[in-house]
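Structure incoming, see below.
We call the chains A, B, C and D, going by the order they appear; numbering starts again at 1 in every chain.
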Amino acid sequence: MDLTYPPEAEEFRERVQRFLADSLPEGWTGLGALPPDDQAEFQRNWRQRLLDNELLGVTVPAEYGGAGLTLVEQAVLTEEFVRVGVSVLPHPNDNFGFNLLVPTLLQYGTEKQKAFFLPRTLSGEIRWAQGYSEPDAGSDLFNLRTRATVSGGDLVINGQKIWQTAGLTANWLFTMVRTDPGAERAKGLSFVLVPLDQPGVELRGIRNITGVTELAEVFLTDAVTSLDNVLGGLGNGARVALTLLGFERGISGVANAEAFAIELRRLVQLAHARGRSADRDIRLRIAHCQVKVHTLRCVALRALSAGLRGGPPGPESSLTKALTAEYHQLVTELAVEVLGMAALAPTGPGAYDTLKAQPLGLDSASSAAWVEDYLNARSRTIYGGSSEIQRNTIAEQILGMPREPRPAAAR
Amino acid sequence: MHFDLSTEQRDLQASVRAFLAKESPTEAARELPETEQGYDPALWSRMADDLGLHALAVPEEHGGIGASFVELVVVLEEMGRQLVPSPFFSSAVLATRALLRSGDVDAMSRLLPGLAEGTTIGTLALTEDDGSWDLDAVRLAAEPDGNGWALTGAKAFVPDGQSAGLVLVVARSAAGLCLFAVDGDAPGLSRSALPVLDGTRRLARLEFDRTPAVLVGADGAAGPGLRRALEDAAVALGAEQIGAAQRCLDMAVGYAGTRVAFGRPIGSFQAIKHKCADMVLDIESGRSAVWQAAWSVSVDGNDVPLAAAAVQAHCSEAYVRAAQQNIQIHGGIGFTWEHDAHLYLKRALSSRELLGAPDQHLLRIADQMGL
Amino acid sequence: MDLTYPPEAEEFRERVQRFLADSLPEGWTGLGALPPDDQAEFQRNWRQRLLDNELLGVTVPAEYGGAGLTLVEQAVLTEEFVRVGVSVLPHPNDNFGFNLLVPTLLQYGTEKQKAFFLPRTLSGEIRWAQGYSEPDAGSDLFNLRTRATVSGGDLVINGQKIWQTAGLTANWLFTMVRTDPGAERAKGLSFVLVPLDQPGVELRGIRNITGVTELAEVFLTDAVTSLDNVLGGLGNGARVALTLLGFERGISGVANAEAFAIELRRLVQLAHARGRSADRDIRLRIAHCQVKVHTLRCVALRALSAGLRGGPPGPESSLTKALTAEYHQLVTELAVEVLGMAALAPTGPGAYDTLKAQPLGLDSASSAAWVEDYLNARSRTIYGGSSEIQRNTIAEQILGMPREPRPAAAR
Amino acid sequence: MHFDLSTEQRDLQASVRAFLAKESPTEAARELPETEQGYDPALWSRMADDLGLHALAVPEEHGGIGASFVELVVVLEEMGRQLVPSPFFSSAVLATRALLRSGDVDAMSRLLPGLAEGTTIGTLALTEDDGSWDLDAVRLAAEPDGNGWALTGAKAFVPDGQSAGLVLVVARSAAGLCLFAVDGDAPGLSRSALPVLDGTRRLARLEFDRTPAVLVGADGAAGPGLRRALEDAAVALGAEQIGAAQRCLDMAVGYAGTRVAFGRPIGSFQAIKHKCADMVLDIESGRSAVWQAAWSVSVDGNDVPLAAAAVQAHCSEAYVRAAQQNIQIHGGIGFTWEHDAHLYLKRALSSRELLGAPDQHLLRIADQMGL
């Protein structure tokens, strides 16, 4: 048992701290403190600065233009960035590229695929969206209708994908399609990379619960991608997708815990401001949140440590996913209760991030941000595998409990 | 003993339900908040003229129909179900009950007919910038001014405060807590609409600068009547909440019966089924408590303080839970702007805080228990 | 809407109050205040006094030796008795006789059955136990193995029943047996009344979670009962049993609410004594319990009112069952938390009742009773249909949600 | 970074598990509480002599093995899993850590070897009749008496206070909080066993009447060391709780896999499955937190106050929930005296209160958060 980072990681931490000190303006108090109108430009410049300093997508190997660092260095960088309130992945599509697709590419990609996609993902030339869900396949991940047929060196794709976060700013989609219509469910699926900028693709925005067009749906009508853009080979899509879901669920735990701790400090300030900090029930509930964040951090650190020793993520990622999603509902519900009537007439800057806790610097009195966080948190137990599905996975794959019996044919 | 709606009450329920389903579809709850007024004046008039809803629980001598509080509660459950964006609660409940409980027969004769006809929209301005529904927290100052009174200070989070023609203001004179009638257009009154989470319930901030006001009831003696009016309103709000929660349950059950995953309707999975059963437990408990409390209000029962607080403590949470679970059961689609589910959630949040959050009602109950 | 009792019920209430004033000793503060050693004798005498005054089993028609009163008068009597802390049904087996079997007998019994069993149930000559469950059929009520074959005018029964509360003091069992082995599940069952005092019956005690032998199991080996003791006719057992479960769940709601209110006053005293009554979280939680008790009372009153208008109880009884069971877990958990370390070294008189709140008069400082109540409450979400089964019933029968699909045959 | 047990720690875990499964089957947890001593002295000696468990985390200079706190935690998780009725926690955790954290090298040299060998059973007497684990609540009076000290007053709920040969008593002198070593047979000390809910953890009431006592550490300076010792103990208790919760989960999963209802193993129903998944979430969170805290204790980390309080706040509730759900999943059989489920529930309740209920730990965290 040793929870310290190795010396080389601590050296890297110092480098990161120096970089941050050199890069951030005087009096910097976090992205959350920037006027909302200035945030987009700051993020563009910040991404470029990261790229210039080899601090974007640091685990991409050097031969593909990355820094070739390890998971532990990535964790250190993330910690330091979250602590001072700057983004590790400044563009909305970077999350899907670097946290989901890049590790999958590194595991399943051919040399040619890696050489093509990795540098372009780094440069921002390719901006990824995910395409797991279809209108009739949400939780039932492999019940896909989108089909692709081989035509010469291409795949021709027809169908619909939905719930693309940041879909409208993406120009490539990674998705699963059915390439063998005769095979059952998970068999006969392939994982493909599809350019969105082509006549066969139509993107439509979807407004979310706060009225923001943050999501999209993709209509594929004879959309074309090269057979070279199949990842892991035709018919192996389910395996690739499951690995990818594992990455999604495992990797961001430590950073989440750090961001949650910052959010909780903001809640403490709010409780003081609203005159609730002496109420024993509120004290207990906020401390309970702190316990949750602490245990979440411990679980995530354990996963990180396991990840350092190699091997693809397993069903344990369902733990982090469920804990994180449900925690964020808990804490934002509490915040809305602490706001009281003030929640009904939201003021102040709104949420910067929709899928995670707000960056350092946000005014704790901004009721608009708390309310948006509460509303956005409703989706956390739904997307990326609902809390119900996570519990099925935990019960069946970790505990080995019996699966639901197959229904008999209708009578 | 007949703990159920009467045949006439069932008829009222059915006719209001049919009327609202036709005249105030949930698109209205999505579209009207985008308009300047925030409600449909034509519908408002028809509710008053065709159905007599505003007049329902107002005594006949003050221009009302003289039905009991139970009938009012039946109507509010339907309004909650249909999410009608309307100042009905502010006018026919808050303002009307504040007047009825004031003991000031003169003021009732003067003001209730307009509220009952729907020609006047009334509201109650109680909360101030701290958002507290506790009468002890009221600070707005009332001072004698010639033959009348003048008010100075601010009220916040006033439901429909922007559109009300009659604002009943809770203020503090040298003698204590008072209720005042203030004209919506009175000099020295400036009103600003607040940005709202729940567009179906408009809120305003009202600033008073030596605003002329007419005292309702005796100087310094408004406390007991206001407390009773707030209890009445708590029961009425509970009915709205239960109606809305029931609609959330209906939506969830309907969706779960048709949405198929893993080769089965998702409603056949226990995870979904038990969530819906929990909603039934919440809602049936709440409806029973609302009906009991409404009856108790109608006969001036001793247990109204407990019953009303219990209604709010229970129904506020029941509705929020139902609205949240409805979204969860719907999955992605339930999280979109286009689906109605979020409208019900936002209304659930606004209803939970209105008249005081559940913990305020619970603490009141704890006091009654000798804790 | 009218929640007042009718005038004749209020007259009856006065009669009951006079009876109580006449019958209870000077300074009576409730059964809970009697020294535990005196309770059994008091209950024996009390039962006799009720019988002598036609106040036991008041809804039994006069022609069978009862008072022939209505449900509303039974409710009034129950309220008054609970309020002063005396038992409506003083013998442990009376609950099963009067709350479960008597209404079923009145609905399904033949004239001969009623004439035989009702007077003897009143007198206490016959003491009933229920026999729903078998070792392999708990929640799955109709998956019964106990079989009965017709032999002359008799049924010969073989099998095992389990979880008979107060089984060791009973001398008759009402139970379901399979009389048609060819029929599937709920079909082919019959509801029979079986004398326990015969060679084919063996009763064994089962110790419960507190170490008390409160339960029993019944082994039936060529046990015999007359065909005349089938209720509702051969093969109709499932229908009879479902009606009976409805009675069990509906009838005692109002009395439970009254008893819970008494219990809650005891908890308030405990909170004061333990110095917890100023803690905002404890105040909120106790008040939350009060809200639960209040709403439970409202639900029960609504059920009572519906019952007065006739008709057998429906699936709504699942509501009362689940609410009551879960409430009692909630409040007893809270009490144990308020006790704190004192819960670990229980002192004072223990619980008198194992299936409901303790009678008026019990010392609030008796940690032994609170701890036993907590432990006994664990069973409330299990017996008589678990909370999970109640939720299935609510979802399927009240909401009409789809049933679990029948599993396909194993492959 | 290696956030996992080492190979050696896994070996220790396996050997302790195998030993206890054989030597302390759960029947022991049912039968030993009925005996006068309440534990098995032969097993106690074998745990000390054959496995060296008592000496494990005691420094070598005081007769111990000198392993880290993590090893101790590994052992305690196994004891919790197997529900071993034994004064191990009192002696090897409470008493041992109180001495180790006292800073009094003399006392350590004198007293630790006996505890490490298992020839002395030690305990810590802190709580008084109000049951509070708050050091500020300690009232027992210490007065100088000749060359030594005399104690007067009472301690309650002292774990294994009846059988301990060495009682470390927290008392208050004119200078402040002190720790004293008192012989179990000291004159003026009368001990009475309390009736207990959880038979696997004996409690006693100790009355002191000018009982001679030896000061450990400096007069009035025991507070900081005791706080640290209690933090250590909180982590160790968390390990016990997680081990026991894991056993509840194992029992529930095992039963649900074989019990058939409605033609399916009940473990295939989501209602059961999701309960078990909730237990996994609780337990894996708890185990991660316990290991993190144990490591932090072993390196004297700054975050021990938070980590230890978090362990107790989380693991206490996690174990109670697991024990309750285990009974629910077992149905009727889980409610019987003959089944082990209730033993785990009673232990869960006693563990929750030991060292302070969760709310006490949460309030401590709130203080640390600046609330």
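Of note:
In the analysis below, a contact is a pair of C-beta atoms (placed from the backbone, for glycine too) under 8 Å apart; a residue touches a chain by one contact, two chains touch by 3 or more.
Remember, it's a predicted structure, so these values are computed and weren't measured experimentally.
With centres defined by CA atoms alone, the chain at the far end from chain C is A.
Set against one another, C-D and B-C show the most C-beta pairs in contact at B-C. Centres computed as Cα averages put chain B at a distance of 40 Å from chain C. Inter-chain centre distance (chain A to chain C, centres taken as mean C-alpha positions): 53 Å. With touch defined as above, residues shared between interfaces to two or more other chains in chain C number as follows: 280-281, 284, 388, 391, 404-407.
Shared interface positions of chain B, defined as residues touching 2 or more other chains, are 264, 269-272, 274, 359.
The part of chain D that touches chain A in the complex is made up of residues 1-6, 9, 68, 70, 249, 253, 256-257, 264-265, 267-268, 270, 272-274, 276-278, 280-281, 284-286, 288-289, 291-292, 294-296, 298, 306-307, 309-310, 313-314, 359, 362-363, 365-366, 369-371. Those residues of chain C lying in contact with chain A across their complex are 279-281, 284, 405-409. Within the complex formed with chain D, the chain C residues making contact are 133, 136-140, 143, 162-163, 206-211, 215, 275, 281, 336-337, 340-347, 371, 375, 378-379, 381-383, 386-388, 391, 404, 406-407.
Chain A meets chain D in the complex at residues 1-6, 9, 72, 264-265, 268, 271-272, 277, 280, 283-284, 286-288, 290-291, 294-296, 298-299, 301-302, 304-306, 308, 316, 319, 322-323, 388, 390-392, 394-396, 398-405. Contacts from chain D toward chain C in the complex involve residues 127, 130-132, 156-157, 194-198, 201, 203, 260-264, 266, 269, 271-272, 324, 327-328, 331-332, 334-338, 342, 345, 349-350, 353, 357, 359.
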